[in-house]
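Each structure below appears as structure tokens.
Here come two complexes built around chain A, the first alongside chain B, the second alongside chain C.
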Partner chain A sequence: MEGTQERQRADDAERRRWMGILARSNAAAIEARLAEAPALPSHTRLRGPETGLVMVRGRAGGDGAPFNLGEMTVTRCAVRLADGTVGHAYQAGRDARAAELAAALDAALQDPARRPALMASVVEPLAAAQTEAREREARRAAATRVRFLAMETTR
Partner chain B sequence: MTGLLPGFADPVVDAQSTFRAVLEAMARPGRVHRLSAPPAAPAPLSPAAGAVLLALADGETPLWLNAGADATEWARFHAGCPVVADAGEAEFVLAIGAPPALSALQVGTDEDPHRSATLILQVQALEEGAGWRLTGPGIEREHRLRVAGAPEGFLAQWAANRALSPRGVDIILCAGDRVAALPRGTMIEEG
Partner chain C sequence: MYVAVKGGETAIANAHAWLDEARRGDPSVPELTTDQVAGQLTLAVDRAMSEGSLYDPGLGALAVKQARGDGIEAAFLLRAYRTTLPRFAASLPVDTGAMAVRRRVSATYKDLPGGQVLGPTFDYTHRLLDFALAAEGYAPARSEEAEPGEDAAFPRVTGLLAGEGLMAPEVASDEEPADVTRTPTTYPATRALRLQRLARGDEGFLLGMAYSTQRGYGNSHPFVGELRQGSVAVSIVPEELGFPIEIGEIEVTECEMVNQFKGSRSEPPQFTRGYGLTFGRLERRAMSMALVDRALRAEELGEDATAPAQNEEFVLNHSDNIEATGFLEHLKLPHYVDFQSELESVRAMRAQVEAERAAAPQAFKEAAE
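Moving on, here comes the complex of A and B:
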């Protein structure tokens, strides 16, 4: 019993990771990776892709009283494969194609037989590209960092 | 579980045309309306019952239903409505076969008669022109409605429901892709 629960938790964590990576990718990036991957199984749309607004809530200082920060645009999609597996995707913005591709990928990735190939050819390259973009941005920001100690010494 | 099925093909247009059909049915009790594009609802739910459910239920309307796990999952996913275990707490009650007693559902209060439950009742067939004799608001002389598969003792329960006026339960009858309505003010006599 405990073993199955642990396995379920590990599966959930892995799925959360690939859903997050797909949610941060745009349609062009996903399609470019899919061109070199095994073909996705055909799917039917259960819901969407549809665009709506989601209220983003915040807390002052991270632990203050919650307040509504504002609404953001979100596109979501749910698809179903022939074997009944359901895939979900939520994307910031209104990229409907990306949401549908991400949902289809989420459904296909739940199949242990398809997972390794898709992870290697689609998800991991996307993750690497996102990490690299984040680090590039961090380096650019670091280059303009102001050191107050340095200002003191130049005075 | 056979897995989730899609809802309306075109959610906005199809939900509006279904809503319009229910509105017409409520305005003319006993008239049978055919829905243009009902979804393929999971068995044993009929397309009409599924369409009415998706058009009316939302996140603020507790639902009670006895149509099995597939239909429950489908309703939660597409309508986003909370599903309750006690029919007395539900605003929409979807029943296939034997529904809960009308007296066990919410009937509203004299100040807020609209806070009553609406029963979506799936029957075997609906036919105009024969059967029950309907009179009341929205009916010039009389409408005839034949309902195949109405629950046992229904007319006695309906008379008791009507006596609660202005409180009481409204009923939407569904069979195949057809709907008809029995708002609480309608009188029914055996044909």
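Moving on, here comes the complex of A and C:
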């Protein structure tokens, strides 16, 4: 039983990761990767894609009680594959195509037989591009870090 | 008295057609795209999103374009748009400590873990108009890159003070915060409600209020403990999944102001925080919010609340520029009936005064006899 729960948590963690990566990708980026990937199984729409709001919360002082900062747009979609697997997507913004593709991918990725190829051809390349963009920003920020050289030499 | 207020449809339609043409400007000049607005008038879009209380850079750019660059009109458009959408969820509180930092400065510590990172700032520019930007074929400077190395992490400055016990801790709580979009504000307001109202407040108003505390109305001596700007992940827990997922990232600016606190009967002397958090890259806004937040904590901290910035009803009731502009601009709308009654009333008062004056010499004469 405990083993089952642990496996479930590990599966959830992996699913959370690909959902987070897909949520940061626009339709053009996903479609470009899908062109190189095995075809996705056909799906039917259960809900959406539809755009709504998420109230973004912060914490007082950064680490105190929650407060409502303001809303953001989000587009969600739920799809079902022929075998009954349901895929979900929530994407910041209003890109309906991206939300539907992400939901279809979420459904297909839950199939252990399909997962490795889709991870390798779609999710990991998207993740790599996001990591590269983040690291580039970190390097640009690092170039603007102040070095108090004068203070060091006169100390 | 009945005064007709029907009519004017043609005039209104023609006025709006002219507005549309005027917004486009000279047709021989290429039209501005919303991508250009989002990419090049970023801070105007950030402000519209903050005051419109709706994060969506594409919509923010459209609002700025449609409003001809008028910030309050743009925020108004975003507020109106949000009412057409259902709310799916509230997010988990964003972790600003895990921000992908583009800028981070502290005025309290020179050498701090992570260091002083200037980012793409206006600070230290000479504020001289750059005519090269007005010329055609302008090529921007290229940003440099450096390896972040071991300074890649940015621990909170307030955490350094808290470690020494010199920073008043925030209340650790997961209490459901009040939401001004769902329930009207009642006083005294909770800090959560104050922060929400300040986060969507008018930047000019917040700046003026913050400035008043610096000039002595509310007596504060603040330090920028930390100002950080960058992107944070937003997570929700969809009911159908039951676990948190990230739905994307948003750009935010956070300011922690540090203020000395003399202490009270129950609290030792220490520092207290004023907090500012805003969508986008608006550090003046985040700093102003932090100063006003701290001023509004006067009562909670047992300080005399005598200045305007410490009066929460005054501050919160007048900080919203959509509410304010609605009430102000309604004065332009037909008040013909109201004004007719004012006219009647002024005429009547005047007639009475004139009658009294006419009677007065008589009365004077009678008294003299």
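Here are some notes:
Everything that follows uses one rule, which is that the second predicted complex is superposed on the first by the 146 of 155 C-alpha atoms of A that agree within 3 Å, B and C clash if a C-alpha of one lies under 4 Å from a C-alpha of the other, contacts with A are read in each partner's own complex, and residues count from 1 in each chain.
Criterion: a residue touches a chain if its C-beta (ideal position, glycine included) is under 8 Å from a C-beta of that chain, and two chains touch if they have at least 3 such contacts.
Quick caveat: nothing in here was measured; it's all calculated off a predicted structure.
Superposition model on chain A: chain B and chain C are shown accommodated side by side without a clash.
Within the superposed three-chain model, A:Ala117 lies out of touch with both chain B and chain C [touch as defined at top].
By the document's definition of touching, of the two partners only chain C reaches A:Gln91; chain B does not. Applying the stated contact rule after C-alpha superposition, one finds that A:Arg80 touches chain B and leaves chain C untouched.
Shared-chain residue A:Ala128: touches no atom of chain B or chain C. When the two structures are aligned on the shared chain, A:Glu71 is found in touch with chain C, with no touch to chain B.
When the two structures are aligned on the shared chain, A:Ala10 is found in touch with neither chain B nor chain C. In the superposed model, A:Ala32 makes contact with neither chain B nor chain C. Between chain B and chain C, more residues of chain A are touched by C. Legend: residue contacts after superposition of the two complexes on their common chain; A:Met55 is shown touching chain C, with no touch to chain B. Between the C-alpha centres of chain B and chain C, as viewed from that of chain A after superposition on chain A, lies an angle of 80 degrees, to the nearest 10. Of all Cα pairs spanning chain B and chain C in the superposition, the closest are 7 Å apart.
Residues 78 of chain A touch chain B in one complex and chain C in the other.
Interface residues of chain A, counted against chain B in their complex, comprise 44-47, 50, 78, 80, 83-86.
Contacts from chain A toward chain C in the complex involve residues 12, 16, 19-20, 23-24, 51-74, 76, 78, 88, 90-94, 134, 136-146, 148, 151. Taken together, the chain C residues at the contact with chain A in this complex read 49-50, 53-56, 58-59, 82, 85-94, 96-97, 100-103, 110-111, 115-121, 143-149, 151-152, 156, 158, 170-181, 191-193, 195-196, 199-200, 233-234, 236, 238, 240-241, 243-250, 252, 254, 256, 273, 275, 277-279. Against chain A, in their complex, chain B makes its touches with residues 1-7, 11, 77-78.
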